[in-house]
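Here the structure comes first, spelled out in structure tokens, and everything after it is commentary.
Labels run A, B, C and D following the written order; every chain starts at residue 1.
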């Protein structure tokens, strides 16, 4: 039976990506789309690539009748989400794509986001949305917190290794290469084509990137002790894609074996043959994650490289995968289209 | 009932694009994939973006058992196709993506391609594959000749206008902007990232581009008199997409009306509101064509701008659309996924 | 003897490009740099690529002591220039890079820019800055109006042909492909890397682009009768460069001869061998213009293609070339560095 | 007095970059250019961006009269250089840009390059070309071996720290992001625009990249004990630029102090304020190196990030800087032009 969904914040990239993915999903019907600044406009004028679709116009959130809605995707800016979700019907199932509900600990939230959480009850209730690791809880959850896109990439590379004790927990370095759509549709000089194309640079250096809050929370939980990784992302002139290069201490073969075994039954997580490395080119526009493991000339050192599309598996694809679980559809429904290459 | 297909020449971009599209098509099963130089390899090693699919390995054409095959896509290099198709079973239905069967007139073929056609009988039999204009013939055809990607873009902009007598036939200028994948996977210095990115230039100038043969054939047929347009393509640093800017003499409003009426029932052809122009960004990876019409400050002059994805609607998407017709599926099956943006 | 210059509006792309070019010029000393919103900052923090240079900090215009300044470059936004230049010392020589003084006719200014000119006296005084055609007047001028970058490209392709009567004046079509830096450092969604890379689209369609005012003024003056060309620019995902494709009626050989003869003594204007077309790749970052001429299969039709760098020859390089003339330096001083390739 | 130079292998990117840089150098005259496969052609046809220059045509090496040549740049493919240089006049001063003379130890050469060196005497004689560290020896050398571009970047980040004992020598990780021109003009599928743009991937993984031979040689020499770093490069869709992210153990403030002090008198090496990171955008086309140092939330950990242009400071700019030393010119002559931005 068709489920009706609403997308709050449909005028940003993750909102549009949800529409793109749901377009080929047989079980979901888009009943409402909101966009505060662009209310009144059609999606086809905000995103002409969706021009061929028959979609509801953008409205303000307060104009939405949530009565018949089965699930709401909340693709609002960080900090806005917590205020809005508090006002939604208490029985409405919600998948939040912002950063607002990723951290369970109020103190950690305040540390990384600079102010106290406005909806601490919801914060406790929210289930962390990394599908392959929180499947059952997500299926039952009322509120799911989509992960950070960088955080997702790093966790796919590292969680099984931490769980299996296959790597030195004190020596984890994560060097990320990130596509520019991760910054959203925000108007900043360094995101202009003229300033972004043809070059690369690090950002959020020195252990300051907020996704470290997620890594700390999840890795420490898995390890049963505090784990603090080193992590720096770099902006790369590509629109979609994250490549995580994890520099690790451990036995490369064992690392490969642990990842291969853990992910062998997963539809979207592919561990490449030992020594083969992934490319973001090969996952663009898709929900797949490619993971490679290589050794080093120095014994006991290894590199795990994971690639995914930040807007799909790192955000809206993940959200749809979770929505499938919550609504009783096949988890992969609408998500198996191959990447776009070239 | 599932139809079995073969893709001859699956190691090039149009072959891989066929696989990408068919992956989400419920009615086709890929029974054989060929690649002469890469025979023996898996598609996942030739195109790692297809790694997650369960596909037959690449073989040589002579290794294919065509007995159970319902339809073959022939994505071989120009001139190779005519030799290969001659050797296929006489009742095998074939969609050729090369240039070999686009021109019906042997003299025209020799003029544009520099040598006599090697399979003149097949040349006579082939149906020109511009779906929306040869629908019935394609449905019944044994051999369909996929159009040139530039030729398709120009024809979508111009055919209804020529048919309706809405433009001056002697003053048609087509200035094209083409993505680099149109050149295929060929190893040429000017196609290297270092030489192609961040710049643009014309090519095949002076009325020498082979797709002029198609324009001449089709437009003259429509007009009932010889029509020779001016046409120059420009390479633009984008992987997919063709933008055709047609500079025309005629009444812009009438032109808009003619195109709107002609295409209103078409699934893939969208005429934008008068005065709005399309972008290749908005059709990337999809089978859609966006067409805009604008007037000029000089009365009696107009511009029609058409945008499509050369690998999809300009080539492999068109081929799949034709295959749907030939096999009795819904014409749009497997082709309605939205473009990839951003 | 060293001349002291000021750059008003040094925090935009054309201002920074002036600094880049002047850095290797032996005769100019940068005495003042202004930037209203970034006053107080060093150029090295606004433009880190200039970090190695010893430059004055950005100040507000009113803080500049113009006493010792020989020449001011005014790289302010359109409409701001006319207000600011009116307040500068009356004997200060000025090169304006905005659109404010390009049109001599007050009515034409109002038509294209939507409001009356605020400094009509200066408007009358200003000399149009297309160096190779206004050399003597520029050398003597107090106020020089830098041309539009699109307008410069089109004029290099067409002026000698109009002057020589080598083309049909009523049938001139100019299809431009423009790099994104032409839009300046303005924060617009369509200029974001995520929305601009990998695609192309027309803009300012239908004979509405303001540079038409310049074409009309100059071409009509040359022809001694009104000339109205058709002109549409297209945004191309490259940071620098304009490629002008002019579709013309005339004899291609004669056209090539006229351009070759007219430009043979020019340092920066290179006419390629007949039938060869230029690429923006080959002029990037330089003051050179490459111009190609090709015929068409239809006799009496020709294409002229001109390529230049919008920030250099189309704007700041042109300004420096004019400054050389005004200050008595060799016209090419500081401007002969080759393009950057790849 | 003008010095005459020859460029052997002028049809590749480093050869063309030498011509570009020498074009603005007052002391060098290009007397001969060679290119085996393109002998007989003009440089303007091989590299149209050099069309405006008056240059000798490409010839074969054996056609060059070395009598009047003061210095030869050898920009030939790896392994070719050693054979060619052996045949040059014994008193001709040579700067080799290939990998052939970078390693002093014959065994190391054989290990990293897979076969014995063909000119072991020259190998002993060659001086390693990292200007700022071998200045005196370079000035006197007959044969200078240009460094690897990745090797140069990493050494600028690390040499002073190793020398000063400011970092843990056993825990050096170098994660590089490299522009595509580093691969030269070689025709490979993964270097095509269609396959390279819009994505990133690692290459030469697992401690196999040949520039490790240089790191081992130089760092071990500096440390007085074997030093083996971990190093993996990643291809990034940009034409020029290398960004080296070094993950280190040491005190970030001390690291910043050591680098600042060591480089304060250098023209081309700029250490940014503590906590600021460089971008390849800001060094493109120039001979400058920008180096940033940041701490981490984990005490005792630091990141050094260095950015340079692989074709300029990483290769041909370095070569010209060395040539200046060898010929008695100011070391920075012809190399102070600012980067190209945007």
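Assume a contact is a pair of C-beta atoms (placed from the backbone, for glycine too) under 8 Å apart; a residue touches a chain by one contact, two chains touch by 3 or more.
Fair warning: this is a prediction, and the values are worked out from it, not measured in the lab.
Set against one another, B-D and A-B show the most C-beta pairs in contact at A-B. Among the remaining chains, D is positioned farthest from chain B, on the basis of C-alpha centroids. Chain A and chain D have CA centres that are 39 Å apart.
If each chain is reduced to the centroid of its CA atoms, chain B and chain D end up 45 Å from each other. Here the spacing of chain A and chain B, counted between their Cα centres, is 36 Å. In chain D, 13, 181, 192, 194, 197-198, 237, 239-240, 278-279, 281-282, 284, 342 are the positions where the chain touches two or more neighbouring chains simultaneously. Of all the residues in chain B, the ones that touch chain A in their complex are 13, 16, 19-20, 23-24, 47-53, 181, 197-198, 239-240, 270, 272, 278-279, 281-286, 288, 290, 336-342. Within the complex, the chain A residues that touch chain C are 13, 180-181, 185, 187-189, 191-194, 196-198, 237, 239. Per the touch definition, chain C reaches chain B in the complex via residues 173, 175, 177, 192, 194-195, 197-203, 205-208, 212, 228, 230, 232, 234, 236-241, 243, 245, 247, 275, 277-282, 284, 294-298, 301, 303, 305, 307, 342.
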